[in-house]
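Below, chain A partners chain B and then partners chain C, in two separate complexes.
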Partner chain A sequence: MTSGPDDRHDDAGVPDRTGDGRGADDERGAPDMEGSDIELLRIWRSNHLGPAIECRIEAALMSDPRGREALGGTVPAQRLERNRLAIMGLATAPRRGRMERLLVRLGVSDSAARLATATPALRAAWLISTVLALLFALATASSSTASGLERVVVYLTIAPLVPLAGVALAFGSAVDPVHETTVATPIDRTRLLLIRTMTILITSIAILMIGAVLLAAPAVAAVAWLLPALVVTAGSIALSPRLGPQRAATVVAAAWILIVLLLGGLSGDSAAAFQPALQVVWLVLATLAAVLVDRQRRHSRYFEA
Partner chain B sequence: MAPVAIEVKDVSRTFGPHRALEDVSLLIGGGLTAVVGPNGSGKTTLLRLLATTERADRGSVRVSGHDTSNPSGRLAVRRVLGYLTQSESLPLRMTVHQYVDYVAVLKEIEPRPTRLAEVARCIETVGLGDRAHDRIRDLSGGMRRRVGLAQALLGDPALLVLDEPDAALDPETRRLMLAELATRSRDATVVVATHHTGDIGEWCDRVIVLSSGRPRFVGAPGRLRELARGRVWRSDEPDPTAWHCWRDSPRTWRCLGPAAPGAAEVEPTLDDGYLTAIWSPDGPGGPLS
Partner chain C sequence: MSPVAHEIRTQQPDDAALVGLMAGGDHEALDLLYRRHAGWLTARLQRRCPDPDVVDTAVQEAFLAAWRGAAGWRPTGEFGAWLWTVALRRLIDQIRRQRRHGRDVSWEVVGTEPIDDGEFVLSLSDTTVGAELARLDPDLQAVMVATAVDGLSTGETATLLGIPRGTVKSRLSRARKLLRTAIDEEER
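Let's look at the complex of A and B:
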């Protein structure tokens, strides 16, 4: 990887930036320089500045031919050029988007914020899962044939699958135009999948909460799908290294529906899967799946779709 | 970055009934290597194997000793890799800068000032500095190809694998791009799939001619040209004894094959050498070199 603008001391080998043996007070390198530039050079040579200020001073000095000449004798040209590019890169880079700025302010790392907001596939996956969530919420709420309990059960069964669909869509060649390019990079794919998953989960959950309100569901029912959503999503991620994201999501979704039907059939209560006792089970399963994902990540960062 | 050595050993890859590569063995060192061949000859599959986005059914691919059949080997290769896919479908809503920056994040170039400097440098290198903040959908096909090239150049990779980077480029831009790749190939291993055989002699150190999933020639461009010596002649009409004849002027035909005594032999070109490698019945199933 390339070096940053703050590596000037490493490159020079010693922190003394004069390099060629000239002392800090020696101004011979700049016989025709303006007073302000000489002052800049003197400050730059004082060796007590942080890398950021040093780079800015170097850039300012390099904007003038005499400044470049003065610096050229003391700093390797390659490093100066790299620092100039670093500053130009910062100066010409577009401003971060609102969401990216917000995430960075909340403490999310720069790269994670970029991946969460700029991933091309994420837009399609987010859009699809959002539309699905909205349509589903509206359809369930407006259904005239089902009873109140049936509508809530259907809602609770399907709701966890909405973020799951979004996650599956967010990491596949079908919706990611740069899938092959992504695969050829060294990025930790588990981290990438988790970042995409979190983005999808947060947006889907918010929308599904609105759906629950539309449904006029009891307060408990409005959140009873949250743990199952975590279970199916984490389970899908855990299975993804073996099955691939789409197949893993399909298997987990089928298993989830089967479990709800089985529990309902066996107990005679169609909402059995969402009772408090089962919520504990979902919590345990979600934790186990999260531990499994974490173990996979520790043992191998080479998750490949 | 120092060049990497690539060793492809007995590699086969099939897609359903289609055998894309069959028992391919190659050694590729530093410098600029061109992979040429007809459509469906296995070029893209070979490049995908080198770029670790494809796996061989049989055989092994090693890059600097790293076996790409295992995860740690693939990761090691990806750390030094710049890859341009054959039909890189770009996110059209993103700007050039956004997209290249996104790939820079995927390539784990950090911290941010360094990443942005690298992004700016690569966009400048491909001549898109003044279009950096344009949306990709507003660019021409050739410019989009250059966007793909910019992301491949990120991080100054020791291994550049480029699948038809010259597709949709005008001749001037193509020459500029080849000059850039030739310069980089002094310190890196650059493997380029192309259909422009005419460019090979001027820029490439090595040529691999693939046909039906097998290498038919591996060697220097000069040797490829020599392959056709004594096998190219001109005639006023198509010669039935030739492997193939095509018009090279309104009145004459250029023929390739075992030249009959008295045939008007001509100086072979690289295209002739390439066609000889493809059509020659010599050494069926194996390289001619």
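Let's look at the complex of A and C:
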């Protein structure tokens, strides 16, 4: 500190740059600080004197600890305690990982970054099992008996189930490492749902794209599973309030496999479910499911905090 | 707890000492700083933004910024002043975010009653500039307070007050002109 203890760097008064106002202020405050604090606070709370005077009062109150306390006394203790718990919770939480720091640097808010990276589905175990499942699918698909087309179809059928499983895990009864933080911080459940679903979708899509490249699939096939993935993910979220996240995911996954097999069997083209005409259907269904989720959000308590 | 840390705590440590302890990962120091500063910070931010959720988020982010940046904090001024600056900018970030969702949570500028009701209130504006500033239209006062006192940029002021940048600039120049005229007359 460069100057005396009474130096106010936060000179939030009128633009009094000359400094001659400070001495007067201190003299006035010294003999009867408590009485003048009460009077200042009363005027400040009346909220009718305009920003300049309010600012001057704030500066006067800020200049001594009792004045600060008086200002703070206008905030309900319960509210301060709630904020304190949230801050202490975040400060004592494990240090931010590399991913979380990257997200924060990219402009994602602290809380969103923490929720996104703490998504249960993103834990190493899930990522490893996803990669293993994909490798298994690739191995099966590339066995000598399978033709090139069949390989691609197996991949396309399994790919949409990856984000689906992730979402089911994220909102299931699985242990949630940030559960306490979520309880202490008032957070919109819809926002939580969106952040986590987006995180899972982005991660899954990245993994699946790599899988498609490894399979040396035709360019179209590399993206043909995208819309079905959106349909099953949004569909399972829409069904969650009725069935619970895990059962909804199971039902949707079964329905998806059944549809692929049925369409393939009926048309004689095993990739029928991924042809352009069907892609339009998936697009419509994905939109419908999104609308359904949005409506449920508004009418059902399920998505409320 | 180290003997030094214990000594600091039992003697009503000043803010700079507490920040030093925070840099070493002392959660209790953060707790003490919060109890000392959260009240006035919340109260003053609330005056500038009517939405309590926005204010609470700004308060939380400011203290977390202090916690995470404790090691790099240089005591060039009071911790309280630093905290205020950080919190006000976080508040503006939050307001910007809310506005993207179509919610208006900008500073509700109210006032002004005649300031010459009693010696006490008049004495608050103890300089010529202060007294003249308090006589301006409240909208002009708000722009002056945000820029000259809180040191915000034109863009930040615009966000805080929920008005276009151009309006901030024109109000600022109008306020300056009125103040200059008033002071010139006073001196004559």
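Heads up, the rule we're going with is that the second predicted complex is superposed on the first by the 154 of 305 C-alpha atoms of A that agree within 3 Å, B and C clash if a C-alpha of one lies under 4 Å from a C-alpha of the other, contacts with A are read in each partner's own complex, and residues count from 1 in each chain.
Rule of thumb we're sticking to: a contact is a pair of C-beta atoms (placed from the backbone, for glycine too) under 8 Å apart; a residue touches a chain by one contact, two chains touch by 3 or more.
No experiment lies behind these values; they were computed from the predicted model shown.
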Chain B versus chain C as contact partner of A:Leu85, first or second or both or neither: first
Chain B versus chain C as contact partner of A:Ala93, first or second or both or neither: first
Touched partner set for A:Ala277, first chain B, second chain C, both or neither: neither
Chain touching more of chain A, residue-wise (chain B, chain C): C
Partner chain(s) touched by A:Glu69 [first = chain B, second = chain C, both, neither]: second
Which of chain B and chain C A:Leu266 touches, first, second, both or neither: neither
Overlap of chain C and chain B interfaces on chain A (superposed complexes): 1-2, 82, 86-88, 90, 92, 110, 185-186
Complex contacts: residues of chain A adjacent to chain C: 1-2, 8-16, 18, 20-21, 24-25, 28, 39, 43, 47-58, 60-62, 68-69, 71-75, 79-80, 82-84, 86-88, 90-92, 109-110, 185-186
Partner chain B, residues of chain A touching it in the complex: 1-6, 82, 85-90, 92-94, 110-111, 114-115, 118-120, 123, 177-178, 180-187, 192, 300-302, 304
Parts of chain B lying in touch with chain A, wherever the complex brings them together: 48, 51-53, 71-72, 74-75, 78-79, 81, 83, 85, 88-91, 93-95, 97-99, 101-103, 105-121, 132-133, 151, 155-156
Residue ranges of chain C touching chain A (in the complex, touch as defined): 16, 27, 30-31, 34-40, 42-44, 46-47, 52-53, 56, 59-61, 63-64, 67, 75-78, 80-81, 84, 97, 109-113, 115, 120-121, 123-127, 129-130, 133-134, 136, 138, 141-142, 144-145, 148-150
